[in-house]
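Chain IDs A, B, C, D and E follow the sequence of writing; residue 1 opens each chain.
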């Protein structure tokens, strides 16, 4: 077990634990903070996977921008208390079971994929090597092969912008 | 000559149309003239045709193709031969007399009803002529139903009275039972032989296509038709009820002509019937049973027309007995003589009823002998004729039947004689109660009693003459005659069975019959002329007076169950069954709609959970239940 | 490519219109002109008269089918704006922006009709969806509208997550986002073979399928639809229920009608299940609705069930069928919603006696309802006809069973459509309808004429996109 | 690393997100859980990207195989950002009207 | 060409009628148009009765392989004649009735006529389906707009029922369409199909259920009494005199020649159903107290026999069926007109509340009697010939079925005469005390119908000859 493995397991555990804490925390602010931790952990994974640029972007966009926005809204709406009333236990249980079912059924399929159909045998990720995660390569591809989606996503932003304005304005 | 044949049925039809359409505009005398005149013309033509046929033999003429559909080729054609021309004479002759009689009898009716009456009557004659002139079973069937219709219309002529309407319905419905048999027989014949025309059917080649079973079935089915029309057990109950119609109708339709249609039909099919022993036995047994059974009922009836009605049923039973034992000529002979004397009886009764202002209960009559001499005399002659007293016509025809019955099976004869005795008894009971003794009505009523007008009495006289002499066309060899009728009909009734009885036996049989009848007559006159039976009968008498409760029995075993079934189907099966099933589908959909609506809880978490679960189900279906899917798939592939 | 570019540009144009003028009628008219421009732009593209050529690196491919579909969608939108334009501008203070969003939606639809790559599909779906979240919530003071908006948004975002997971798994299996890379190897049914299919890909596809089923509101992913259509302003509800739904189908068809995707027997099984559930839920639940608007929402689910027939059939007839279904369904539903928006009372009782107070509107409603019910002489019949024909083309399998189920529920659908008809024509009442302009009436007549004309001479339509 | 580790990890994260969506009633938290799901996808995509890279890396060190996976992550982030802006706007709007962000109270529309 | 005119005239006239404001003008307009159709029908049958005059063929939906093909064979002619007679008869007989929104009423009636004519002349399955529905929609509106209290629910049941049936038929049509070599809907192509017994089996049921609902055959009949009872008589006449014949017609036209194997295979089931239905309906009819319901059940019984006779599959039965379609149409039309006249005069349809009408309306009574007699298939009415041939045909298939069917001959008399008795005979009651004779229009129409009944009862051969080509074709197959 080398460092990569140790880091992988550590980050995985951290991710899952933080994620669990996101949904278990009573206080929304805590949830946000736990979520930010998740993002950090995932960024760690990205670094392990040699996707450095994404790791940075993830931190900037998600942990930096998006989560701050969340925090901001929570503060704005004054929800930073443990105000959430008790949700029906049965609903919680049912929700957990449904999610669990999903997890089990899908992972079981994946498990099958590696055992009976041998689809995933010997498929490993390249750790810490390769250059596709570099900003240079990504940028080149983005502005050559992926220029169309890139341009088109501007429409998306436009509409989101318009929308946010329409919805967000007080009147 | 051929065109004359068309005229025979056509004239009554024209009369029907004129009277029917012009009923608002024609005067009564004109109506009567048209009504009777057309029949008279038909009668005259019938006479001409009769002699023509006698000279040249039978013929078939085709008016047009009635139905020509694949294997069904049915011509609208008439067959005029010895048998049918004889019937033509009876129908138009007696028909004319009854028209004449009706002119006076129905005088009280308003002109439009008067016209309606004559129109119906003409239509009846037309139908009856179709029936006997038809050259195939289908045309016969047309007439067959036509007479049933006219019978229905005329029984219910006074439609304000609901009982009459019931009787009319009953007559039609019971006739329909027979019609079903008839029509099935037609199909059977058509299916097996491809023809229903008499000439083609009654050839050896065609008959060879029929197996014994076929013949038995066909003859039995036809017999059902005959039995319903001619009021045989078990389909006779309509006839007594049919007396609801005006009395001339009873005379014409329910005594002289229509009810003999069954006999005519079987006589016409004699070749078929002779080929089936089974059917013949059944006919004979049912015939004699009817004869005896209805005679017993007649004993205790108090309605003058009811007595005659049961008497008619009884006499028809005789005729069927004759048919059953193969004495077709005898049957036709009796039809003929019966037509005269029974028409006479009814008309006489009508005369009485007319005189007594629609009083029909003999218990309220009596002593009419002096007030209505012509009616009385003619009625007496008719009674003697029906009782079988020589030399009146009834004697000859009845004797012939009894003789053949004896030859076939003495039991038939015994019952026949018993019936004959009963006949004599009840006829003279009727006679005595009506004409002899003292008048039992009020004096006021008595003053108004008078003999009927000429238009009524003349037919009575003519019929009386025929009742007396008609028998002489069939004087048997044993009495020195040559039985002209037999000779005349032999070309048509080729399947006639000839029995040879010892002359001594025949004499003996005649003697016994006549003697017993005479005793019965005297007993009856003696018993009833002085002290008529006015009280309600009891014991057996009550049962007889109530007609053995057959109507009640039918009501219980047929009418009520049918109605109950109808109600059951209507109220239970239709409403709570099929309709409810259909409606329940709707209700279920609505119920399901209300329940399914509740799934839409408005809770986002719930919705999402459903989505997640659906995905889980998809995944499971896909990956883990291939074998189950295979199974389901097999069902649809 | 024309449609994508022009619609995006027109969207921007609309945004600027609000700066120039605040007159709502002008805005509406500008939007109409822009739509016509877009329509023309797309048509010239269809016939290769003038088309902007951009190297899309295989991410988009413009086939006739997609272009025809765009034309129909844009035409339907034009009619929608024609009929409901006044309702749109009345919804809130941002008339021009609403139109801008509609154009962005059209842009998304244009992408969906031509994507060749899962990334483009994802973007298309999002470009289409995000404006819709906003439009749903555009009646800002209306709590129902707010609620609908949030529900739609949360569930939409969730389904996006599902779709992305699917795409990721597919990517893992194939190493590409191109849809040509999708391959399901085996057509035959056997347990071992099922297990040998590329499982990651299959499960990915299943997840994408589920997410797209959400967009077309097929059961059991339909739950958002009644609530959202009910809560959204009528005009936008009609837009979502018709045009957007059809776009969902176009995406599904693009995804699943590939020659390479010899879709699996089991896949059909899943589809049959979805179809039947959709038909049952859509039709049965609609039966008891008291609000016509909500009834129409359920009816739109039911129609999704019918349109799913095309997915089952996966043949050319199905493609044509989807087109004609889009026309039939959109025309009728847009019309119904347009009239509905003029009503005071959305409940069934509100329609009582409409035939007397507003004969033309009642007649139009009747024709729309008959068309939705699939009665001949209306184009709705041919829509249903095509769906049945598509499934029956390769008889066997569940085809017959499916079609019979379909028609049984079509008969059920008559039940709720005709309740409206009965209310309008056979019941006494005093239906209150806001004043309608001559233009509105003309628009309705245009719709009626189109429905009946295409219903009698569908050849005009069919010959056009017969391929 | 074997790819299935990443798959399991991503799925687990994804399912935690789902469970969160299903169990929480605060709209913002629900939304955050959705973001969690998206991040799971991102992680998975990057992992797959590296897996595809790995398949050719041994023979071609400068290959860009698998790069589309990472680019896709970009776009997901873009969309997520857009969604967040719209979503939060909606939540704020709702809060203004109802003084609550509890999705359990979103039941005016039902049946 | 004539076949197209038969559709176009009522169609155009009907559409135009909607725009006529005046009630009386719309009445006159529709009478004129329907008489024009009658004249053209007669011309088509007697004068221009050769193929080119009657047939028409033009491109319609090329892409689907459907053509606007119409043709008229004997059976079509017979039914077109029936349709052509019935509409003027209805219009004239009910001329005095004032309908609310008369122009709509007459417009819908004429549209309905167009649909009916179309059904009878269509020689293309899709076209047939179109007209099948075109006939249904107007009648739905007719029945729902004008009529009794519960009309909406009743006619709705009718509509959903028939609509479901026709959709099933549509599946069948599409299925057959794909079996034709060049994917067409042409009748001739359908006739040329050679399907396996299994395929024929389920296509048969798809078609049969549609037609069985329309006819209606037990147990699909429950819509009928309710609808007849609740709708206005004019609509009822269209329904029962002509529209139910669509089902019978369609079986002969679209099932029998296309799916011969299935027909012979399923004949016994269908015949058992039909005959059961006959008995069932007859028994229920005995217990009915409502004129309209009684006629409805009676009609079910008659139609049952027609259906059974078709499935006996022989020329005799088929000819009988075609004849009976015509004569039952005429006959039942007469019955309805009387029912309407009586209801109009007395305000009730319950015959237990009536009585003695024969005194008050003697002419109507006579004419009704003719109708009743035709209803019981008395010889020398045209129904007799039809029924005789049908029973004869059925007899060749099964004696027992015929015998059971024959029981209905008895039952039909029972309830028909009972109705006659209760309504017209007996003494007058308070309701009927002051009733006058029916209008002249009613009398004239009934008289004409009675003449038709009797003329074709005495001389049915022209009608039988008319059906020859159709039957020859079917039996030849």
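Points worth noting:
One rule holds for everything that comes next: contacts are C-beta pairs under 8 Å (C-beta built on N, C-alpha and C of every residue); 3 or more make two chains touch, one makes a residue touch a chain.
Everything numeric in this text was worked out from a predicted model, so none of it was measured.
Counting only chains that touch, the fewest steps needed to get from chain A to chain B is 1. Shared contact partners of chain C and chain E comprise B. Listed by label, the chains that touch chain C and also chain D are A, B.
Using the mean of the Cα atoms as each chain's centre, the chain most removed from chain A is B. Taking A-C and B-D together, the pair of chains sharing more C-beta contacts is A-C. Centrality annotation: E (chain centre taken as mean Cα position, compared with the mean over all protein Cα atoms).
Chain centres here are Cα averages; for chain B and chain C they lie 76 Å apart. One finds 36 Å separating the Cα centroids of chain B and chain E. For the pair chain A and chain E, the distance between C-alpha centroids works out to 71 Å.
The mean-CA centres of chain D and chain E are about 66 angstrom from one another, to the nearest whole unit.
Looking at chain D, one finds that residues 3, 7, 17-18, 21-23, 25, 30-31, 47, 51, 55, 65-66, 68, 71, 75, 79, 82-83, 86, 90-91, 93, 103-104, 106, 108-110 touch two or more other chains. Looking at chain A, one finds that residues 91, 94-95, 98-99, 102, 106, 109-110, 112, 120, 145-146, 149, 153, 156, 159-160, 163, 167 touch two or more other chains. Shared interface positions of chain E, defined as residues touching 2 or more other chains, are absent.
Two chains count as a pair here when they touch; such pairs are A-B, A-C, A-D, B-C, B-D, B-E, C-D, C-E. Residues 106, 109-110, 112-113, 116-117, 119-120, 144-149, 152-153, 155-156, 158-160, 162-163, 165-167, 171 of chain A are the ones touching chain C in the complex. Residues 157, 161, 219, 221-223, 280, 283-288, 314-316, 319-320, 356, 358-359, 362, 373, 376, 378-380, 384-385, 388-389, 391-392, 395-396, 399, 402-403, 406-407, 409-410, 413-414, 417-418, 421, 424-427, 458-461, 464, 471, 475 of chain E are the ones that touch chain B when the two sit in their complex.
Contact residues on chain C toward chain B in their complex (touch as defined above): 151, 154-155, 158-159, 162, 189-191, 194-195, 199, 202-203, 206-207, 209-210, 214, 220-221, 223-224, 226-227, 265-266, 269-270, 273, 280-281, 284-289, 396-398, 400-401, 412, 415. Interface of chain C with chain E (complex): residues 370, 373-377, 381, 385, 388-389, 392-393, 395, 400, 403-404, 407-408, 410-411, 414-415, 418, 422, 425-427, 457-459, 462-463, 466.
Chain contact summary for the complex, chain A toward chain D: residues 4-5, 8, 12, 15-16, 19-20, 22-23, 28, 31-32, 35, 38-39, 42, 45-46, 49-51, 53-54, 57-58, 61-62, 65-66, 69-70, 73-74, 76-77, 79, 84-85, 87, 91-92, 94-96, 98-100, 102-103, 106-107, 110-111, 114, 120, 123-127, 129-133, 137-138, 141-142, 145-146, 149, 153, 156-157, 159-161, 163-164, 167-168, 170.
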